[in-house]
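Worksheet: one structure, shown below.
For reference, chains read A, B, C and D in written order, and residue numbers begin at 1 within each chain.
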Amino acid sequence: MIAPIKILWLIPLLPLVAAGISAVLPRTCRKAAASLAIGAMAASLVLAVIAFVHTLPNTPREVLNFKWFDLGTTTLQLGFVLDPLTALMAVMVTFVSLLIFIYSIGYMAHDDNFARFFCFLSLFAAAMLGIVVANSLLLLFISWELVGLASYLLIGFWFHKPSAAAAAKKAFITTRIGDIGFFLGIVWLYSKSGTLLFYDNGTGCLEQSTLNQLLTQTALGGMAVSTAISLLLFCGAVGKSGQLPLHVWLPDAMEGPTPVSALIHAATMVAAGVFLVARVYPLMSTGTALHVVTWVGAITAVFAASIAVAQNDIKRILAYSTVSQLGYMMMGLGVGGVSVGMFHLITHAFFKALLFLGAGSVIHGCHEEQDIRNMGGLRKFMPVTFATYAVGMMALCGVPLVFSGFWSKDAILYAAHHWEPSSVPFFLGVVGAFLTAFYMTRQVYYVFFKPANPALRHPHESPRVMTIPLAILAVFAIALGAIGTPAWPWFQSFLGGETVHLEFAKLGEAMGLMLLSTVVVAFGIGLSFWIYRRETTADPLEVKFSSVYRLLQNKFYVDEIYEATIIRLNAALAKTFAWFDEYIWGGLVSLVSTLVLLISNFSRESDEKLVNSGFDEGCATVRDSAWLLSKIQNGQIQRYMRAIGLALCLLVIALLWGCS
Amino acid sequence: MKEVACKSTWPHGRHALDSLMTMLDQIFVTIKQWLLTFIPENLHPIGSALLSIVAIISVFGTAFALTTILERKGLGRIQNRYGPNRVGPCGFLQPIADAVKMLTKEDIVPYAADKVLHYLAPIVLTVPIWLAFAVLPFGRNMSAIDLDAGIVFFFAAGSASELAVFMAGWSSHNKYSLIGAMRGIAQMISYEVPLVLSTIPVLMLSGTLNLNEIVNAQSGFAFGVGKWNVLTPWGAAGFLLFMIAATAESNRAPFDLPEGESEIIAGYLTEYSGFKYALFFLGEYLGLFAVTGLAVTLFLGGWNAPLAFLSVLPSWFWFFAKFGALIAVFIWARGTVPRLRFDQLLNFAWKFLVPLAVVNLVVAGIWHFASVSWPAPSLSRPLEYLETVAPRWLACAGLFFAAYEILGRVLSLKRAPRTYRYAE
Amino acid sequence: MTPLSYYLGLSGLLFAVGFAGAVTRRNAVIVLLGIEFMLNAANMNFIAFWRYGVSGTAPTGIMVVIFSIAIAAAEAAVGLALIIAVYRHRQTTQLEQIDSLKG
Amino acid sequence: MPNKITFCLTAIFTLSAAVAAMRLRNPVHCALSAALAFAGLAVAFLGLDAEFIGFAQILVYVGAISILTIFTVLLTRGSEVEQRAAIFSRSWITGIAITIGVTGAILLPVFSSSLSFKTAPVAASAPVQSIGNELMTRYLLPLEVMGLLLTAALVGAVVIAMSDAPDKKRLVVPASVGRASVTGFSSEVLPAKAGTTNQRELTTV
């Protein structure tokens, strides 16, 4: 049996190969492209499951490092790591991706660029899996940027829509701002520790010797170098995971096809930031960087949830909900460690993918209608979609006991409650939970319960290939909660490398908090039903609190603020530089070129008049003598051969004579 | 047929049956040894060679006669008629009647023909083909000569047939003959390339050009099934390529354009009759036999038994059983597949078979390096054995199949599926 | 045992025959054949010297001949292609008529 | 002694085939005798214990180069017999004279050298295995260069011999033979066709 670590590299490689092959396939090979992508993904899933099973009995972390290239005396190493974190993420990513790939067959069935879509999807999955298995910050960064590229391509997939093209650019540039920090962090880390491998037999940058060394050095303001590096790395996570203040790209990214929204902007890619923080957690936890993580997460959670209350686009609501939930994960990482954040990441991945795919199914069924005010009564027309969507909604709201979201969110709140430095994040978390319940209920009410909109013609249920992934995801949205309850925290102990025991006493400790969150959720759902029960066209909140509502509907004017400050400043600077280029530097260049032209003209004149006449004379003489010589060459090849034979004879005679 | 030292791999008998079977297996070798005792010691090399020649000529001459009648009967069955059934029991003496007819027919030489070449052509075709049989191992310790570069010898011996075809076509001084000859040569040259390329994986993996050693490399059993080359992805692919190219090399349907009756009368055979025609006929069948024997040797494990418990039967029996089965496949293909057009024929060779054979080389290389890097554990642990062998298998087969798909699509690019119109 | 000089003599005569053909025949194809004979004569020498040389185990001469045969194949292919191309332009393969390169 | 007899037979066969190849008047006969000479040479190689080279010689020279030559002869209408009148020309006589000189120049050193009466060492063999090993180790670079050369020659030969009008899709070798015959057909068929159309026109007029 080959050790799973030896074949770990196949997990990202298979989708990459699939992407490469389908990139050169002609556009008409739709079936081939789709089956290639799905086949590769399924194979990756099998491998990931093998790796996961391998890590189940608390096997120690395994790494496989190899040399990439030598640069002078420095050797750049890349590597792969297999630990519970990797295995878990790999299974999650491959599984969700596989379901979404299958779903895409139905959703993209009428698209001309079907093959290209699957090529991009495979590329994305390959890059994401590359992040997951990387044991080197460098390899992680390469995959990270590939993920960015793939998401750019996929958001702008319908590039003929100006809004999609703009959204793609926005996403790419915004995340790049975070990546600058990330890259600076990598460079700094490399210069300080001399290695970018995470784990390398005690000398990796996440292992104790290096951490101690980083901790003792200080950067500006008395901050430990490790804290500074952590904050820079966190910049990257902020960009990718849409945390405040770089969250603006995520809602716009909903311009892409819905499977893309589900895959990239709900389940996997945005989780990359959270995963990054979890991966470098040993580095993060050495200093006070986790405080920043907690605060950013908590503020983002409430901020985004409050915006979601006043949105009308079905996918945008989900997008802001994603931002908010990512904030939760960050907060969980900050207050409770890797297991708390990752648990929410996993559960969220499933129910958010479910919600997005459900939304896609709704949009598909309503003929590309996205405004929830124009929908209504779909409960009857799309029973499967409704049922699964409701499961996802309840999981997201955290309806107690049955749904996975309840347990993962509760774990975060529990950890926040016990956080020493401040109790504000806990209250922000509770407010966020209330807002989540409120806006999700509002959305579900508008889409499924409100009386049907007569303008909506023939809404229909989606095909089997789309509803089956929904059902599978729904099962997981419920079932996953069971592995991380306080009574049986298998998940947490798996990540921590401990064995698990069933203790109902633990449940009692968390009981108070569970009751509180149950009340909050119930209140949110109830309030929402009560407000929206009347069948009015206008939003009751808009009527009552119009100024607040407008503020929320315009997303706290963040885009506008950016427009007025950063972008305008940038434009002004660009204009100045353009002016400099055109007049100052351009003027200099044309001055020099005029001078050169003058000199060369003079040179040409002297050449033609003086030098050439002498050459002409000489050439005539040479030509005359060459005419005589050319008589020998008469074009008769056999005469040449005879000459060669004669020469051979003469040579041999001369040799024999010389010898004797 | 000559013994190759006494390195028999036969497990020496525990039972009387075993020793009896060993004796049966080596019966021809023993007979030859016995016959050699009658001549003086210093003439042994010549005597041995003569005995081998006599044996080969008689066996394959009989096989020729048998194949003609079986082919005619088989084609008859495929075409829903009886085939020859008048001479002898069930028509099985038809070859003798044919021979008598051929030998007694008038031998006509056209007035304008180049007499010498016209006379020499059938001889040049037939004689070198016999040489090719010399290196084929027909059974354990049964090959006429044990050449180090056996397969090169085989192809070298076969290369004279192109010249013979040209001589026949050109010397007849007939338009159809010349066209047939040109078609024949172009086809033989084109298909020689995939033919040779498809054998190279076998040579690569067994590391020798000696046909006896290639057969030895395929001896042994895994899970009771012989370790034949055809049971590996590169071997299966190579076998298919080899069989297709071999069909074309021996000018058989569906690649029988050089003699396409409906187009150019009988190609380069147009001006031949009587005994010379019979010689051509013989030469073509011998070419087919030789190449079939090579296919058996390279891909089907030579004289090795297919299943472990079947190895009690003598080795020469297995060689001729496989040989007969392949000949049956050739007959079947002739009765089933329609003839190609000439440009299709050449495109198929150069744009499909040759690249595919090159891909197969790469596949064989990957297979070799995979088996060196991850050697398969012993057969006693079948699960682990499968675990290491299956990925290698899938990867190699997948690579070849992908190349097959892509090349096939490229070859049929811009060709709409054929449509049929019927009279209304 | 045959002495070395027999083989060298054969190769020398073969060379001479090839040379004579190359010098006297007019048909370009036959001139090319003559050149092939000369090449083959050289191959014969290589093999003979290898066989009669000091080191009978290292296949030195054989290697040279393998490469020489490969070169001969390339040469024949290109040479004959050239003859066909020339024939297409000038409708002849008679060498004395192909003399556009005269000075 | 039997060795010498075999050698002499081979040598006489090879040389007479070579002389025939150089002196026969029909180029097709020349090419076929050349094939014979090449085969004889291969036998001589076998006599020198160079098994692999002997087979390779047959494979390449008889199997490929002769065929190629014959194709060229046919494609260039070279199969017409040369006229005898031109044989004893001035250039022919100088050619033969120089050839005799060259022969002397080669054979003189051969037979005057003491080395040439050396007999062969007993054990000399080059098994295919060792040739393969040498090709992959010491002669790897020449092998690669040779591969490049053969590829270049292949592409070059196809490009040179390709028809000037690439829009006419036809095969390099056999189709041109076929075409010659087809034009032969059409020249017979065409007038009849023209006649029929003319008749039809006349009747309509």
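Following the convention adopted for this analysis, contacts are C-beta pairs under 8 Å (C-beta built on N, C-alpha and C of every residue); 3 or more make two chains touch, one makes a residue touch a chain.
Fair warning: this is a prediction, and the values are worked out from it, not measured in the lab.
Chemist: By mean C-alpha position, what chain is farthest away from chain B?
Modeler: Comparing chain centres, A lies farthest from chain B.
Chemist: Out of every possible chain pairing, name the one holding the most C-beta contact pairs.
Modeler: C-D
Chemist: Measure off the straight-line distance from the CA centroid of chain B to the CA centroid of chain C, and report it in whole Å.
Modeler: Computed value for the inter-centroid distance: 35 Å.
Chemist: What is the distance, in whole Å, between the centres of chain A and chain B, each centre taken as the mean of its C-alpha atoms?
Modeler: It comes to 58 Å between the two C-alpha centres.
Chemist: As a quick test, compute the distance in whole Å between the mean CA positions of chain A and chain D.
Modeler: Centres of chain A and chain D (C-alpha means) sit 65 Å apart.
Chemist: Averaging only over C-alpha atoms, locate the centres of chain B and chain D and give their separation in whole Å.
Modeler: 28
Chemist: Which residues of chain D are in contact with two or more other chains?
Modeler: Residues 52, 56, 64, 71, 91, 95, 98-99, 102, 106.
Chemist: Which chain A residues sit where two or more other chains touch them?
Modeler: Residue numbers touching two or more other chains: 638, 642, 645.
Chemist: Provide the list of chain C residues touching at least two other chains, using ranges where the numbers run on.
Modeler: In chain C, 19, 23-24 touch at least two other chains.
Chemist: Can you list the residues on chain A that touch chain C in the complex?
Modeler: 627, 629-638, 641-642, 645
Chemist: So in the complex, the part of chain B that touches chain D is made up of which residues?
Modeler: Interface residues on the chain B side: 117, 147-149, 152-153, 155-157, 159-160, 162-163, 166-167, 170, 175, 178-179, 182-183, 185-186, 189, 192, 208-210, 342-343, 346.
Chemist: With touch defined as at the start, can you tell me which chain C residues reach chain A in the complex?
Modeler: Residues 19, 22-24, 31, 95-96, 98-103.
Chemist: Using the touch definition from the top, list the residues of chain D that touch chain C in their complex.
Modeler: Residues of chain D touching chain C: 3-4, 7-8, 11, 14-15, 18-19, 21-23, 27, 30-31, 34, 37-38, 41, 44-45, 47-50, 52-53, 56-57, 60-61, 64-65, 68-69, 71-73, 75-78, 82, 86, 91-92, 95-96, 98-99, 102-103, 106-107, 110-111, 115-121, 123-126, 130-131, 134-135, 139, 142, 146, 149-150, 152-154, 156-158, 160-161, 163-164.
Chemist: Under the stated contact criterion, what part of chain D meets chain A in this complex?
Modeler: So the residues of chain D in touch with chain A come to 91, 94-95, 98-99, 101-102, 104-106, 108-109.
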